[in-house]
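Residue numbering begins at 1 within each chain, and the chains themselves are lettered A, B, C and D in the order written.
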Amino acid sequence: MFRMKEKTSISKRRLTFLRGCAFVALAACAIAACSAPTGVQNDAARVATLQEPDTKGAPTSVRLVTGAQLLNTVAYLFGPDVKTITRFPPMERVEGLLQIGAGRAGINDNYLEIYRKASTDVAALVMDVRRRNFLIGCTPANPNAADNACATQFLSRVGRILFRQPLDKARTDEVVGIANTAADTLGDFYSGLGIALETLLVSPKTLFVVDRAEPDPARPGEQRLDAYSLASRLSFFLWNAAPDDTVLKAAESGEILTPKGRAKIVDMMLASPRLEKGVRAFFDDMLAFDDLEVLAKDPQIYPVFTGNAVGDAREQALRTITELLVTERSDYRDLFTTRKTFVSPALAAVYQMPTNSSWMAYEFPKDSPRIGILTQAAFLAGHSHPGRSSPTLRGKALRELLFCQKVPPPPPNVDFSAVENPDPNIKTARDRLDVHHKNPVCAGCHKITDPLGLALENFDGAGQYRENEKGAPIDATGALDGVPFNDPATLGKVLHDSPALTSCLTRRVLSYATSNANADAEVLKYFNAQFGMHGYRIPDLLRVIALSESFSRVRAPESTTKTADAGALTNAAAK
Amino acid sequence: MTHMNRRRVLRGILNGGAVTVGLPLLDCFLNTNGTAMADGKPLPIAFGTWHWGLGIARNVFEPKTTGLNYELTQQLLPLKDVKQHINVLTNFTAFRDSAPAICHHTGWVIARSGNAPRTNGDVVETIDVTTAARIGRTTRFKILAASAVNNVRETFSYDNPTTPNTAETSALGLYTRIFGPDFQDPNAPTFTPNPAVMVRKSALSGVMNDIKDVEKVVGAEDRARMDQYFTAVRQVERQFEQRLTKPEPIAACHSPKALGEDIKIGTEVELVSSRHKTMASLMAMAVACDQTRVFNLYYGGFDHTKLGYEKPHHACTHEEPIDEKLGYQINHAWFTMRSIQAWAEYVKVLADFKEGGGSLLDRVLVMGTTDVGEARIHSIDHLPILMAGRAGGKVKTGYHVDGGGTSIARIGYTAMRVMGLDIPNWGTNSNNTSKELGEILV
Amino acid sequence: MTRTLLRSATVGLGVALAISAGSSASVAETALKNRSIGYVMYHENRSIYETPEKKECPNGFNTGPSEQIPLWTPGGNKTVLGTQLDYEGEVLFPGTSEDRFPFNYVTGNVGLGLNLDGKVGPNDFTSPDGERGIDNQFYRVMGCVYNYRHDGNTSINFPRWRSQFPYNVYVIELTDVDSLANDPDVTVTTYRGTDNLLTDATGMGYLPGGSQTIDMRWGKKFIQKFRGKIVDGMLTTEAKDLIVPTGSYFTARDGIPDILYRDMRFSLKVNETDAVGYMGGYVDVENWIIHSYKTRSTPLQIYGQSLLPSIYRAMRKMADGHPDPETGANTTLSTALDVKFKQVFVKHPDDAVASAGTNASTTLASAGN
Amino acid sequence: MRVFLSAAFTPIVMAVLACGSAQAQSARQTPVDAFIPEPMPPSVRVVQTELDGPLFADAAGKVFYIWPAKGQRVGRTGDEMGKAPNCEDTVIKVSAGTMPPYPAGLELPEADTRPACTQVWPPFLAANDSKPVGQWNIVSRANGSKQWTYEGYPVYTSALDREAAAPVGSARIRAKGDSGNLREPIGPLADVPAQFVVVSSQTGRFLARVDGPVVYTSDKDAPNKSNCDKACLGEWQPVLAAMAAPQSRGEWGVIERSPGVRQWTFRKMPVYTRIADSVDDKYRPHGFDGSDKPGWHIAYVRLGPNIPKGFSIQDTTRGQVVADPQGRTVYTHACIDDAADMQPCDHPNQTQAYRYAVCGHSDPVRCVKNFPYVIAEKGAKSDNKTWSVVSIDPASGKFAAPGQAGALNVWAFRDRPIYTFIRDKAPGDLEGDAWGEMNGFRNGFHAIWMRDQFGLFNEETRRDQ
């Protein structure tokens, strides 16, 4: 607000106009009011920051592990070279996150076949003559027959990691039995062991992360995650992989359930280089980078934006994010004003700059228009049409992905001709959209999205810099909820200072951590304030959340009927 | 049928509000193909690939018009009797992005895997393997591959870069593999179950126990998901069971007469062609006997020779002068013509194979690839693909389609969609596509 | 109609992109930096003038090893020693005797290339647009050898080798440039680059804006400096000896040979994205024959009907440069290359200072025993 | 001809040593080349060889070879997997015409004395009661005798091999392209984790990651301790191991770089690849540029044999070659003939007609002038089996009889004399490389590459181990 006053001196007339516009827009378009904490002021909230408000926790859920989570776990077990090139089934994006969609995804016979194929690939790699000596840890007495001791040793060790808890005796015997029978039938110890490993890999205990609840001794009547479920939630949250041996040990001993023990484990996980994978996975999800997998540009209009450039654009954004937020522990908001990034040969061509033959760290010069992650190819090209830029798509993405707002889809029966088949005399996107805005049905929403996107019009549909469109100079001025800007750099600054930016991030991280998008407003307010107190540093926010009650407290899912399920929960808890 | 766009389906579900099931139930949008059993349901669809080496001479191969009723060009003339059963697809591109151009490799690898290789043998899962995971689960061979090319190291099927699937290179070998001692004639009175299958089936019991365990601790909605998973595992188990029980008799299945002796090894076109024809018949019978639903047959790599002409096909593409009057290489054109003729013979074998009320072609789809477009310069644009069969009524035939320089991965993508694979898109980098070849879909 | 348009647009993709990208305003703004600009060669071929009716070869094309080897030994020797080993020995150590086979030279006087000696001689060519005095005796010899004509195998492969084989990445850097339109004094330095060329998704259309790090570890031999000038966008340079890395796929593993050009100079139309035109100079006959043989052995020479012993004799006959100080016989043949470059950002390794190769002409021998 | 002044080359030699070439490292490591034992027929053993690593050999130590069929420009030669051997007892006297434009049926040089295939490649025969074991099986020869096969291919020894564990018949370091169909020595798998392969080179057998890049170690590291900091990690990439597997074994171990991240060690030294060593391109293979970085070394499993004393290594436009004491590039002659049994024709015990054709248009006198032998100083000796001093009769090109007058003591590589080339004028010149038929692959000369910057990265290297 203070900053806004500063800005008003630039153009009072324009600001007034924009303010009015924004008001109209909100009224007409009914932008979803899911950004509750927006505008909550630090001073007022500071009191609330000291203590986490009482929470009823997130409903327990059952989540299908993602392909990346499965592969990360397999890599932990067997090394980075044991991987399959399987294309895992896609999840559905719910409340802005695939991670929440994972709580609804199932496995039908087609998908099972994909997991089976992946498990066959992995087992074959592990049993390869070059690997097994290093990975199995024992040698069978006779390679052509079953070996109970060796199979038991291997399968119980691997099963514990895959299932995220130790196998009980019966299950161990069962899977060793599979290995033994198969070994004797096929006359090969390793083939038998491979088949047993395959069954562990496709077990629901590997593929589904099940939240199990138990009564919270500190709070009678309330439920918390049990030790193993907590270990899993922490590990998938921070590492995007199943818990490792250390984390499981803390669950086995119950240490993870004590505040001190939990803090120790969380701090260890935050200090590990594996945190980078976790943070990558979160931002990849939040920024919907999976959409880049199907992004295609018109090769005649953007010859330089090849398939390589698309893949590298995603990698660039993720490298920028992890370097800034994890390695340098910088302020999250700096992501929108930083000039530091990484560039590959394919991207250097898009950015019209020299490069090395592989990835290199790079800082755009002070006078460069490239500032912040929004001026990178992933955002610019990812939210454009195949052959031209789109202020609307960019503005919409910014609202939805970074501000957690919902922009409604266009109403039916709209005449898009002004933008789709524009009058050739109209040169720039701004002018084309102006024509489109003459239709009052459209104007409402477009006034929410377009001004943000228009600030990025100096970048074409592939993210290449330009000063003109069809010979006409580009006007990159605009305003965000009343705060004006006149180029990508000032847009970045305005974003940086927008409270919605950080509150949305807080909301997304909490949703991602708990697979629940419906946290209490008060709880969000608390975490948001904590985020601010910690200088908007991501690892600190992760820590606060990982150690919070909101993270470990659970309740039964709403739609679950009380009877049998409650019994099951109790039974599980009693174990 | 209109193929429902997956994203649209998703949006539909989301906009509809309650989402109680995950994506997998999209399966319900697929028709009944691929899962038909020998219990009176329609005969199962099957997928084949075919390969010929060294592409085409564009000026005498590519038809001048598209659609039905195109005129057969000089190199396509051998197809005149089977024109109604096939589609000729021309002018597709193998986009390699920054990957190197690997001679005789890049073209077919992208056609069959959607991914540009960086070295020889750098081949990710090929289309036949992906398709077999969907439709080939119940048969004795998930994939059956044979090659009239006399080289075991030459294959066009990969699970991954380190796992190529080799093809049978002798006709006798192919016969023995299918109809030798391990053949369980569906029409025979006796049956012996395969112990390796038994082991795999029994291993599933552990997974099912785990599902039951999990079901105990989850809510009702999640239990429905576990039930769905249980059903899927049960289905796999049933597929194993099916392979362990005596199959239903199949009227069209007759174990062919044993091959007395192998067809001579050699590269001479007449020899290759006779091996190819024998292999084609064996392959057709293997499909009819439901021994496999995914079948690869390779007619040629590049060392075929012509009696009385000293250069093998590949050398010929480079070494033979262009005939100044005709404007093309005469002997190369002859080799290509023989390849197209072999394709015609293959299609005819399938068309003439009677089963049910029709022919084998009614329920198969065969995709014939080659490694280069314009042979003389070994180009990887202007790539052609030949297709045959109607895939259970989902594909119409008799067309020439001009791909307009789009990615050749579109054809593989279309084929897999036709085979019932629920994939929203296919291919990597610039070959990624979600655009089917609508021109040949019913 | 739509279809036809679409198709022709796509057919031309590689080529069209290469040209249209030239108009990209943004690259233009950034390409000339610190008074310098780099280009990487993506196309190279011999300048051969052809007419559709093949008027320049009234006696037809020359025949190659397939046609000639059966006639190699009169009376039909049936031994490996008398045919194969004799022919291969003859390629490596060609004699000076009269050719036993007739050779078809280009007739007429229309040809492409540059006027190297500043004179208009009786054997010189006149370009289709009327420029006289063009020296290109290489064309006189090779114009009727199918391999070197536009759809000959060598002509198809040379551009590919040039653009795709890392050994051959060839970079020129213009320095001291005040304007790409007119500048009386610029420096052109040649290098070998170490990076892949930037392409569109087809891998066949080359784009400006890539980067090339100079090879100072192994490539010093290829460095040469030229003084030049730009007049109305046309860059011309002085002539110097030059070694150009010119390997083929077939010799990727062993024996990559280089071509020695004598008195080579550039004549290129330059702008912010492209440099297109000629390199003209003289090829050393001995060096060239061995280069040809090492990059394309006899079975590959068949591809375009080139019979090296005959070509050697023809080259000796038409040689028009660099007389041997002892015998007075010319040792080189005037030639021109059609070359195309795309703009690249040139990076010099930190620890290396670019310096001209000292004695390009002396490090490659030009005479055997 | 310019005089080669050895003093002038000293700086280059020094530079090479400073770059940490194999030669400079030879004192640091002992040759050990671990392999995974596999079931073998009773009379088979594994021998350690200098350039080719562990190979299968007979009781006398003579190395085994196979001859997998391979398509030629015309036709196909070699043994088909699982089929009867094509290397027979009959003497072949005419050409097979595999290389256009030369037709089949031409009389081969010295046809009257040309040996049968099995005289050059004696089959490794099995006893009548031999039983298949592991990858070893038995196939019947045309004459009814039984021959061992390995992975389906008939197994042979080579008559050219004079010493135990010294394969002269053929090598793992192979010519490419149209090189005819060479025999391949066979051996067990190297005992390295599956992320790695062992690649044979003239400098020794070194480690590479299975997907291509060369593996290095750093002087800054200590045993079982990596000191590669953030700046270092910008250029070098630790080769990571599984975090939850036992995996210490033999010369291999793991260290925990940081919590949850384990790095492989080889002989206690942490191993890395260099990020900029490009490998994802068929034509830009193993980058060795990391070895130019001070303090970094290629991780050799076993160093190659020392080059003869006084010889040097020279830079060329595409890597480094071995040069004689005067700095002249040295060449070997390689040859395989055009008969159906594709016999080698590059050894002093065999016909010299091929070499004479390409070194002097079939004139032995011109040959000696064009490609002079590299004369060994009196008393010169090699400390290994790869390099040797042999006595040659310059008139015939064959080994001289003991005490023969006029015989020359010359340097040999793999039992074949080496040569310099008259057209090379300065160190690093390579005029003689690829000199001959089919780029010198079928019959011609090649430099001995110590570092091949632009060599093809190909499946055969990948398959190496």
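We take it that contacts are C-beta pairs under 8 Å (C-beta built on N, C-alpha and C of every residue); 3 or more make two chains touch, one makes a residue touch a chain.
A quick note: this is a predicted structure, and the numbers were derived from the prediction, not measured.
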Chain pair showing more contacts of the two, C-D and B-D: C-D
Identifier of the chain whose CA centre is least distant from the whole-structure CA centre: B
Inter-chain centre distance, subunit C versus subunit D - centres from mean C-alpha coordinates, in Å: 35
Rounded Å distance between subunit B and subunit D, as computed from the means of their C-alpha atoms: 41
Between subunit C and subunit A, distance of the C-alpha-averaged centres to the nearest whole Å: 53
Rounded Å distance between subunit B and subunit C, as computed from the means of their C-alpha atoms: 45
Where subunit A touches two or more other chains at once, by residue number: 299, 306-307, 345, 356-357
For subunit D, residues contacting two or more additional chains: 73, 100, 103, 281, 283
Per-residue overlap in subunit C, given as positions that touch at least 2 other chains: 13, 66, 164, 196, 199, 201-202, 249, 299, 302
In the complex, subunit D residues that touch subunit B: 69, 71, 73-76, 80-81, 97, 100, 103, 280-283, 457-459, 462
Sites on subunit A touched by subunit C in the complex: 299-300, 303-304, 306-307, 345, 348-349, 352-357, 464-466, 468
Residues on subunit B engaged by subunit C in the complex (per definition of touch): 66, 91, 93, 95-101, 103, 315, 318-319, 321-322, 376-377, 381, 402, 404-406, 429-430
Subunit B-touching residues of subunit C, taken from the complex the two chains share: 3, 6-7, 10-11, 13-14, 61, 66, 146, 151, 153, 156, 160, 164, 196, 199, 201-204, 249, 299-300, 302-303, 305
Complex contacts: residues of subunit D adjacent to subunit C: 73, 95, 99-103, 105-109, 175-178, 281, 283-284, 289, 292, 315-319, 337-338, 353-354, 357-358, 360-362, 366, 369-370, 422-426, 429-431, 433-441, 443, 446-447, 449, 452-456
